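Labels A, B, C and D are assigned to the chains in the order they are written; within every chain, residues are numbered from 1.
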Amino acid sequence: MTYFDCDYMAGCHPSVLQRLNLTNMECTAGYGLDPYSERARRLIRDLCACPDAQVSFLVGGTQTNATAIDGLLLRHQGVIAADTAHINVHEAGAIEAAGHKVLSLPSEQGKVQSQVLENYLQQFYADDTWQHMVQPGMLYLSQPTELGTLYSLYELEHLSAICRRYHLSLYIDGARLSYALAAEQNDVSLADLARLTDAFYIGGTKTGLLFGEALVVPRPNTIPALFSLVKQHGALLAKGRLLGLQFETLLTDQLYLSIARKAVSLAQRLKNAFLRSGYTLFIDSPTNQQFIVLPNEVIEQLHHDLSFELWGSQGENESVVRFVTSWATEEKDIDALEQCLASLKTLQKK
Amino acid sequence: MTYFDCDYMAGCHPSVLQRLNLTNMECTAGYGLDPYSERARRLIRDLCACPDAQVSFLVGGTQTNATAIDGLLLRHQGVIAADTAHINVHEAGAIEAAGHKVLSLPSEQGKVQSQVLENYLQQFYADDTWQHMVQPGMLYLSQPTELGTLYSLYELEHLSAICRRYHLSLYIDGARLSYALAAEQNDVSLADLARLTDAFYIGGTKTGLLFGEALVVPRPNTIPALFSLVKQHGALLAKGRLLGLQFETLLTDQLYLSIARKAVSLAQRLKNAFLRSGYTLFIDSPTNQQFIVLPNEVIEQLHHDLSFELWGSQGENESVVRFVTSWATEEKDIDALEQCLASLKTLQKK
Amino acid sequence: MTYFDCDYMAGCHPSVLQRLNLTNMECTAGYGLDPYSERARRLIRDLCACPDAQVSFLVGGTQTNATAIDGLLLRHQGVIAADTAHINVHEAGAIEAAGHKVLSLPSEQGKVQSQVLENYLQQFYADDTWQHMVQPGMLYLSQPTELGTLYSLYELEHLSAICRRYHLSLYIDGARLSYALAAEQNDVSLADLARLTDAFYIGGTKTGLLFGEALVVPRPNTIPALFSLVKQHGALLAKGRLLGLQFETLLTDQLYLSIARKAVSLAQRLKNAFLRSGYTLFIDSPTNQQFIVLPNEVIEQLHHDLSFELWGSQGENESVVRFVTSWATEEKDIDALEQCLASLKTLQKK
Amino acid sequence: MTYFDCDYMAGCHPSVLQRLNLTNMECTAGYGLDPYSERARRLIRDLCACPDAQVSFLVGGTQTNATAIDGLLLRHQGVIAADTAHINVHEAGAIEAAGHKVLSLPSEQGKVQSQVLENYLQQFYADDTWQHMVQPGMLYLSQPTELGTLYSLYELEHLSAICRRYHLSLYIDGARLSYALAAEQNDVSLADLARLTDAFYIGGTKTGLLFGEALVVPRPNTIPALFSLVKQHGALLAKGRLLGLQFETLLTDQLYLSIARKAVSLAQRLKNAFLRSGYTLFIDSPTNQQFIVLPNEVIEQLHHDLSFELWGSQGENESVVRFVTSWATEEKDIDALEQCLASLKTLQKK
């Protein structure tokens, strides 16, 4: 069986594991107050060209989103997000559990359109009853989006400008940020994110770490008492150095980029294989997630040898499926997929 | 420097690391739906003599407490706990953040006394205004307590009976449960806990895992929709098998017991070293945490070679300090401590 | 100036005021434990043909919704509502502030369609990831809706059956329930609501009381510890008898029906006046709220003599406006409106 | 039966009722945007010598406390209060329901002692683990306290200075503030409160209104988006003018003071009656609540003719009882009490 279900099926990148092995018997302070975490913080500040940035390491994405959003919003505020956003769909209501409404906007290819945002904000404040409604306090984006698409620098600049005009914080969920940074069509750097947002996170879980997300707050104290808030959200790892040394490894010598570039390149090979076989894309993704429209019987056939996720039905006879590559995907996995597609054709010819 | 600060300074037990190395390249389902987690669950059910128990693996203690307590309480209820309880002091308000008051009771040696509990409950319901007050919905205990002390089986049976009489859930925080199970004076088994409580957790972080706590719900569905609640609390690990295989290792061939027995035995040696040197105990702990009263100048001296925590001041010239042993503590560490104490005496004689 | 802005601009119905005057100097127990509240409860149980119903009196609608919904849901659950629902739009996030997501469905004429509900539920549980999503725990409807429309008994029976099939509670916001009961096309009785729902409320604020809503829970203890929950939500009135005696007055000799019938009848006269003048309805409402599409210049003209609310713009030159009648509206107010419309025509002819 | 149970048993002061009668048929905007509310706001600003103060009218005390405290605290902060404080005991966990811990301090005669506060704060920040604990964000006091006692101006100045030094907001619950202002030994004016606090409220429910509390925020926008927060807490009254005109009446020509002076003077007469009869005070209260220690058999006797609350038992044979006077208490009520006490003595002589 070859696996394309998601980017967190295997353990961690061998370099990361090696570091864990080498340092296992050391004794350090807990809660991220160790030298590994400090070094990882410095690496991130350098990569972001943001020497003052406050960097915290948390275990997972949902808790990072919940903590950051909770810290950026005031009690009466909600967070604007695409209707397809992870926080709006797949976090079991973690944002609402902390008291905040997710104000969902219709999205295009997983992206919030600046015109849609601007219209929403104009209409909101034009409504006489706006003080009876949940006031937008921030904009949540993900880069890449849930559908693998990317915001261009031009789009981000535009969205960020709207946020400033309307006193919204801007936060970017970077669960798969490495894959965005590694995509050919990408023109947004970490330094751009540090310049344009109030907070964002660099995902580790989906880029070859056992676990871990690095929350970056470019202007310190934007989130008051962040350390305590992380603790309150149950997101403070006792053996915090595990996060620090994993990120230190990931960020040294651009390991995160080489991991992501390989995965993205394999994903593009995979996409082309489907296109060559005559199937259509649900969306044209430049990153490590690919969404293909397949006849249901093809899906059934492929499932004999390949493991991947159903994303949703598309009419009666077709469905959208998702194929994901990761640091652990190999050329031979795509070979296997191409062979499956080839044998399908043979089958159909008969 | 020899470290006695806490039981989570080093990485993980070598057997655990070895398992992580061996399985690293495997691909499994996420979120605890993998075979390692399933095997670990079965091991726990066996150890607890509770074949139906629902077992969930979470990353850390604060989030385990917050999730379980939130799931066991109704909106209008609070949780009774010792004034010294971790949830009342050191979790940055995680319980209140989920909407519940911690109803603290005075404790003796870190323990809730059954008479104090019973009096509180009697007076609560005798008060005409009880419906205007936060209604107690559960009792939170920790075994061992924050001060290293133990509830006897007799005490737990008694407390559990009071809980049943007053319709309280009983929950036990087992962050250091292995050290309780390994203590000589202990007479409470895992099966007793499963029989007497509505939920408890077996701590891994402090017994040689990189991280991880196993939440045991003896009667399934006591906490509705536990999986979703874990997700909502940001406590669902993507690569969930890491928890499963760590616990599988810890629970195989009683590794948890041998780890804890060694640590407890070293802790008792450490305690005796202080006693022989003429110092008094703040509390007589049978587990891996030791609390000693030391003159402040002695503390200063010891800090040259030993790392340990100040617990609080005791009058003007003395303080309580905490020494903790763990799976990573060695006989030579206690040797070093004994030498420090010996050289102190020589110093004083001069 | 003649006022059609809303149904809570004047004080209270003279009969209510008279009762307040007559009883002012009496001393009674607080918090609804007085004989007036008890009598009002009995009246409601009779009207609902539900002798066991639990009845609580709260001051306002938002707090009644927040308290009831909070009490009906478990932590991990959300509430399904029409996108236009009051709780989704105009309660400043009170539901989310208590930790619950509002799961909004597209509506037709302010109503949740049973087919839409069923499809949503089927798709929800067909999705493999449903445990990562907010689970629907209840359905919120309003009768009449925000747009003045009514659910028929057939529709309610159908929606209620779906709720039971999917283990959803059914709750009805009756802020303007009297106007539904008084509408000619209505075929849903209070007894039907008690039979079909898990909780609903009979609005007093908008039917001639100074304030007050009567929350009816047909099967007692459906909401655990309701009294304490009301207190926790800050919704327990100290001088609770004020609520009891207002409702006692409102429900005696069908005062609520005669108030509502008059208002509905004047609203229909008002609607016909607009229709006769050649304007179109935004929606054909059988209750006391009327939504008309008017040219913006007409609105400007009418605003000289009439006070009413803009509901939203409709293209460039027209807007939807809302006219509301209440217990305080008189025939002469409609006369005034008709005269305004007539003079508009004269104006246009010139 | 003569009633001394509490200060909210009767309706409202006749002048208030008269105003409600006179204005009943007027139509005004809702939600406090009416001229009565505006005039009441101006009166309060004048009385507080604070022309910029933001004034909001809410229905009840619990919701006023919950809204103000929620608005003054950040997510990670808790509120310091006396262990006997209303928010710590009798609000069913409303503060915790909004996510904040009540950090209770031991009190003396219902009052937080400045030395106790200072020690707590010093020790808090001296503790290395303070970031793992709930950080104090504000101090809650009540004037008069739950036990009827008063803070002197000297004490308030001192407490306020500590608050400023430690960056705590200072909030005062004035549910019975009129009775403090009317007490002979009082030296704290409304202007002092406006100068020394970040928010406080002037209670109406317990001083002759049907309901209503006036929240005063001396420096506007100290609580962000207060209007929306009030709505989110379900505390925004639709017919808001009812609050405005009640407060306008109460504050015109010092009605609140004359009401409170009479009640306080009757309470002192009541206290002296008990003292003359040889009973001891639980506490010497200068305001309208009196706490007396009585033998249980005396309580039983008195309960034949007088209605009052048991406050708690005091040993085996005695209890503390509370007698409360209000605007509705008359000289003849105290006469009745004196007669009861006299007949008790006669009884005992026999």
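What we mean here is this: contacts are C-beta pairs under 8 Å (C-beta built on N, C-alpha and C of every residue); 3 or more make two chains touch, one makes a residue touch a chain.
Every value quoted in this text rests on a predicted model; they were computed, and no experiment measured them.
Relative orientation of subunit B and subunit C, expressed as the C-alpha superposition rotation angle, is 180° to the nearest 5.
The pair A-C is the one among B-C, A-C or A-D whose contacts match those of B-D for more than half of the residue pairs.
Farthest chain from subunit B, judged by C-alpha centroids: C.
Note on chain placement: the centre of subunit B and the centre of subunit C lie 51 Å apart, centres being C-alpha means. For this pair, subunit A with subunit C, the centres built from the Cα atoms lie 42 Å apart. Distance between subunit C and subunit D, defined via averaged C-alpha coordinates, is recorded as 34 Å.
Residue positions 75-76, 91-93, 97-99, 131-132, 228-229, 231-232 of subunit C each touch two or more of the other chains. Across the complex, subunit C meets subunit A through its residues 75-76, 78, 89-93, 96-102, 128-129, 131-134, 309-310.
Interface residues of subunit C facing subunit B in the complex, by the touch rule stated above, are 70-71, 74-77, 98-99, 131-132, 135, 224-225, 227-229, 231-232. Those residues of subunit D that touch subunit C in the complex are listed here as 3, 5-6, 8-12, 14, 17, 20-21, 23-30, 59-64, 66-67, 91-94, 97-98, 205-206, 210-211, 228-229, 231-239, 242, 307, 328.
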